[in-house]
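One structure is given below, represented as structure tokens, and several questions about it will come after.
As written, the chains take the letters A, B, C, D and E, and residue 1 is the first residue of each chain.
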Amino acid sequence: MLELHHLSCGYGAFEAVHDLSLTLRPGTITGLIGTNGAGKSSTLMCVAGHVALKAGAIMFDGQDISTLTPEQRVRRGIAISPEGRRLFKDLSVEDNLRVGGLIQPASHFKQDRDYVLGLFPRLGERLDSLAGNLSGGEQQMLAIGRALMTRPKLIMIDELSLGLMPKVIDLCYRALQQLRQDGMTILLVEQNTDRVLAFADDVCVLESGRTVWQGKASDALNDTSLTAAYLGLH
Amino acid sequence: QIKIGFNVPLTGFAAADGKSALEGAKLAVAQANAKGGVAGQKVELVVYDDQASPKEAVPVATKLVEKDKVVGAVSGSYSGSTRAAAGIFQQGKVPYVVSYAIHPDITLTGDYMFRVSAMGEVQGRAGSMLVQNLGKKKVALITLKNDFGQALAAGFKEGAQKFGLQVVNEYEYGMQDRQFGALVSKVKSDNPDVIYASGYYFTAGPLVSQLRAAGVSVPIIGQEGYDSDKFIEIAGAAAEGVYVTTSLDRDSDSAATKSFLADFRKEVGSNADMVAASSFTATNVLIEGLKKTNGKGGDALKDALAAGTFETPIGKLAFNDLHEVKKDVQVQVIKDKAFRRHSVISGPLLSPPSKPAK
Amino acid sequence: MEYEISLLTTMAISVLFALSLNLITGFCGQISLGHAAFLGIGAYLSALLSKAGLPFLATLPLGMLLAGIIGAIVGLASLRVRADFLAITTMGVGFLFVGIVRQQDWLGGELGVSAIPDSGLSKVGFMVFSLLLCVATAALCIYIRKSWMGRVFNGVAEDEDTMRVLGIDVPRYKLAAFAIGTALAGLAGGLYAQHLKFIGPDSFGFVESVTVLSMVVVGGIGSVVGVSLGAAVLSALPAWFQFIGDYKLLVYGGLLFLMMRFSPGGMAALVTRLVKRNGGRA
Amino acid sequence: MKIQPQALLRVANVTVRFGGLTAIDDVSFDVQPGELLGLIGPNGAGKTTMLRAITGVVRATEGDVMLEGDSLNGMPIHKRIQKGLSLSQQLVKPFREISLLDNVALAAGMARTRSPLKALMHVSQDEEAAIGREMLERVGIAAHADQKPGIQPLGILKRLEMARALALKPKLLLLDEPLAGLNSKEANALATTIAEINRQGVTIILIEHNLGEVMRVCQRLVVLDNGRKIAQGEPRAVMNDPAVRSAYLGGDTIAEKAKQPNLAVVGGTHA
Amino acid sequence: MLFLELTAQGLVQGSIYALVALGLTLVYGLLRILHVAHAALFTLGGYLGVMVTNATGSLTLGFIAAMGAAGMAGVAMYRACYEPILKQPPFVALIASIGLYIAFEELFRIIFGAAGLSYQAPPLQEQVALFGGLQFKQAELLVMLGTAVIIGVLGYLQNKTRVGVACQATVSDPQMAESFGIKLRQVRDINFFVGSALAGFAGVWVALLNNLVEPTMGSVPSYKGLAIIVLGGMGSVRGTLLAALVLGIVESFGTIYLGKLLDRNAIAFAFLIAVLMVRPQGLFARR
């Protein structure tokens, strides 16, 4: 599905991620975890095409997409719910979803929007509000919903549970499981480590831009040195 | 070589007039040099662009006085810049002959200042006299909002009072206005006998054509700002019959005028307008003065200018104690796409002011 | 020599004027497209009072005071609007100023004010005086930058909402910036009138406001040294460019554009870059 | 309702409307001096809006907010801050041109910046920098003191926001989701810090979705839902309230299950 | 009657303003740049309209040439001037734009002469009598009509279609817009093309109404256009139209009844300031 081969990326002269190799199996959830500044968000934005690739390659569905523009990547089926949400603040909730659905035929819009509203009923009550006026949690819901509107093959969600209330987090994880069953591949960045380890199939642990652990989530939980040193679990 | 200075707007909003003025001045210098120059030396015209802006004119004048050490200078520019330059020439004791800037304060700056054209007030008064001569009473006054327009309006109103004319309404518009729809509607509803409208050809062209298009058919009187073939080009058919008070009479019998008009056509390839004629005149006056002093500037040149009389394309000139000229005002009328003589206005009404008593 | 003296005086006045705008726009982030109005207020007041017989030096503080007061009033308007709205509002203030002055006979109307009495300082004396004021203003700006006021201005320029949450009385600081900046512009105006000996409404219009803003931006917005440099160079440019006559403004406009296009940080950034490169080689 | 005259902050019948939307609907509660009050509730319940109404960032449409018995009505934000409030915002907004330390020092300089004139008379920042360093240490990001915020990850910025709020030396500290974006270990540490700050005498209102930490450190909870106050009191009791459970915790009730969306709609096409 | 006529003239003037400001709105709405050089494209349109019409005798060709050239020049301006400095603070683009405007004005003067150009036989000058004795030039009627149609179409595109939403998305967050399949450059090119072509269109109309194009004819639109988009609440097509018409009418009555107190610009800006003090977000802001 998505394969990162010795990926290094960064900003100007600064390299935020070094030599990261990661393979996402189709139809699985992969968790990307690590402390603040580890390079998780940078990795996601690099795959989306917004952070400069310095070395290595990004393969998607067997093709090298390293040189594609962000706009071409989303058309291949890669969607992102980025750090900071980055909503279109001056557009209404509905229009944000509309933008999400731009690469799909207009006829899909109603159906997909209703799916997202089913997932986050709260958004349905705010369809005409400007995205910039939403509460923190509502914004997070909209960011995820907007990414879903592209009908992606791979969805990358940065800090899924940030700002969400426990009930909605539960809902989200359940929805993600369902999406996985339907064949979607999911890359999750999450501070809520317990949660990721419980839900994800694979995990990759970053520390200062380097991979310190990679493998099955179930194995990670059993690796006490890992959990103590990097995952902040007691 | 004898250097004379010339400040002129070559860039900025007044560049078109500046170009015309420059051609006039260059012609005067070329003709003088062809005839052997002054005291055996060639005359050189030192030209600087002042953008018709006071701020730019100050360094230009300073440079002419200090760097180029000109013996005399000519203004081929508008009032604002000429006024700012005047003080510097006065201080440097460099005679400064002003061609078409009409601001009254220019000659008040000091005794090194000379002006070859009629002041705005004078021309305004001539305008009122023309109204009287045309036998009209009710005037709509349309004034360009700058020093030129304001001076004209002041003179016109002064004359109007004397002649018992009735100013039915007074409007002002800005230098950048080209669309006069509202003004035209209002003038139309005022129903005047005649319209006295100040402006430059680029404002007057659209104004006159819009007045005519709206069906206002009463006579329109303009002044030297209209005096350019461009006016006729812009206003088109609407220009026909418009009166213009100016200093250049195209149908003059005077040899100076005739030869100037012909020479200008030949050299430049277009018809001379008032600006060109005035600049030619001012330059020529300065050169004539220099001839009398054998190329010396300063007090000698000042006195020579003050004492002289000059045959010029815009009439026979002599300066009064304030160094203003008294001359007749020409009324031109546009006929078959050309400026033609209508009448000449003269009389005591046109006397320029003289030196204020100290 | 006199030519250089006159040019230097012009440059000093421009630098002072540009620094005054830099205080408002560069330090405090409040963009103004009508700053020339305050130059005009200082100029008119100084000219009229001089003509009324007041010594030139005495007219300067009065010009500053009046410009500063009116500046603070305009500042009040700036509290209502932000960013581009403010730019256009201040632009409107500039047009309003010119429109009002044009119509006032006691201000000379369209004819302006001329024959402004001499300061009594010689040409050289006046140049030195202008330079001194200019240096003093630059020093004041540098001090403000370093003081707590400068820190607050910086913050207000970047994000005034957050400044409020930090307990800062944002309106008062904005007013302070406007008052100081416009008062300094009034000072520059007094010098301007004295230097040119003639002022008219057109000298303080939109073009002038835009010119001073370009001096600030081309110099390097916020940087005292950069802005001084920018103002000095741009104000002397037309005089230097006389030899290209007809192409003067074309080159001027082209330079403005190229400067922004290739060195958006202005001269300040350009100089830093050059110094760095040379330093690297050495 | 019991009236407690010594309340530090008192929110009385506050309503906030945005156009037609009622974000807060007639909410009242008190905060006692020295208390650590948790303000919780579903997304969009009005918690952030409540804090903003207290600090004056938004104006309450109706009702009154009182600090130490003085009404804050109509008072501009900066006056309220100067009176002893301080807000750490949900969306971080550091000043990007200056270092983290200078960010905090700027807040610490409140005494100097009270009036422009005073600000103009002072240059030195040493004292404030010292306070800044102390605050950065307190929230655990002193190592980054001299860096600019532009390149910092979210977790650092959240803590910077809190350090800045602390530097104002407030009587009442308002924290909007300070733990979001931190991992459990860091969240735990920061929550402990918050409790400690509270013990040193600063009254705190804490908005958090991290219920574990909320339960651990808060002495009392106020729960909002859809703009209304639905519960308040001792944390454990509140959490057992069925209304709170259904609005917030999402226990697997039958109704909930029925509402579950049909997840097959999206994604299937590509798979 | 006079009232009607003044209103009508205000509407004519307002329509011209609207056409110029509309292009500015598209650009401002997209990039938040105060695009002063837009007025240079207006002038360019005027020149081409006159020259092509004079050369070929066809006003239609004049319009096509003017709009095409202005549109292309607009795109070129975006690529060469604005794209590289988008990340800079807004006044950088403003000054670059002013520099560009001055340079263009001078180019027009040097190439076409300072005195300006006129139609040899100005088209569409006949008077048309409407109800109640109200008279218009053909050109005046057509400019109002044309403006109404164009605004209608653009307003629909902006508010009701996916294209409009896509454009607006690039404003709030260009990077994310790309991540949702929007071709940033294409969107901006199209906006610049359409906006600039409209400026060229307006230039031809003004040339027709005044029978004069001059190098400096853009100077009033260069700032008045900005005033109008601010008055209109920035970025909305409908707001811009209404603001332009309101301003046209205010100026129309103002110059007649207040002309002695204040000049036209001062009246316009006094009105603008008064409005902004009451409604800081503009007359017709969407928020």
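Note that in this section contacts are C-beta pairs under 8 Å (C-beta built on N, C-alpha and C of every residue); 3 or more make two chains touch, one makes a residue touch a chain.
Fair warning: this is a prediction, and the values are worked out from it, not measured in the lab.
Annotation of chain A and chain C: jointly contacted by D, E, touch as defined at the top.
Ranking all chains by how far their C-alpha centres lie from the centre of chain D, first place goes to B.
Distance between Cα centroids is largest for the pairing of chain C with A. If you average the CA atoms of chain C and of chain E, the two centres end up 30 Å from each other. Here the CA centre of chain D is 47 Å from the CA centre of chain E. Taking each chain's centre as the mean of its C-alpha atoms, chain B lies 74 Å from chain D. Look at where the CA atoms of chain A average out and do the same for chain D: the two points lie 27 Å apart.
The multi-chain contact residues of chain E, meaning those touching 2 or more other chains, are 106, 260, 263, 265.
Of all residues in chain C, those that touch two or more other chains are 102, 246, 249.
Counting partner chains per residue, chain D has no residue touching two or more of them. The list of touching chain pairs reads A-D, A-E, B-C, B-E, C-D, C-E.
Those residues of chain E whose C-beta lies close enough to touch chain A in the complex are 162, 165-166, 168-169, 171-173, 175-184, 287. In the complex of the two chains, the chain B residues touching chain E come out as 11, 13, 15-16, 18-19, 145, 170-174, 176-179, 181-186, 188-189, 202, 205-206, 209, 213-215, 228, 230, 233-236.
Interface of chain B with chain C (complex): residues 10-12, 47-49, 51, 53-56, 58-60, 62-63, 65-67, 80, 83-84, 87, 103-105, 108-109, 145-147, 149-151. On the chain C side of its complex with chain B, the touching residues are 1-3, 6-7, 10, 102, 109-112, 114-115, 195-200, 202-203, 238-239, 242, 245-246, 248-249.
Within the complex formed with chain C, the residues of chain D that make contact are 55, 57, 76-79, 81-82, 86-87, 89, 93, 95-98, 102, 106-107, 109-110, 112-116, 118-123, 125, 164, 168.
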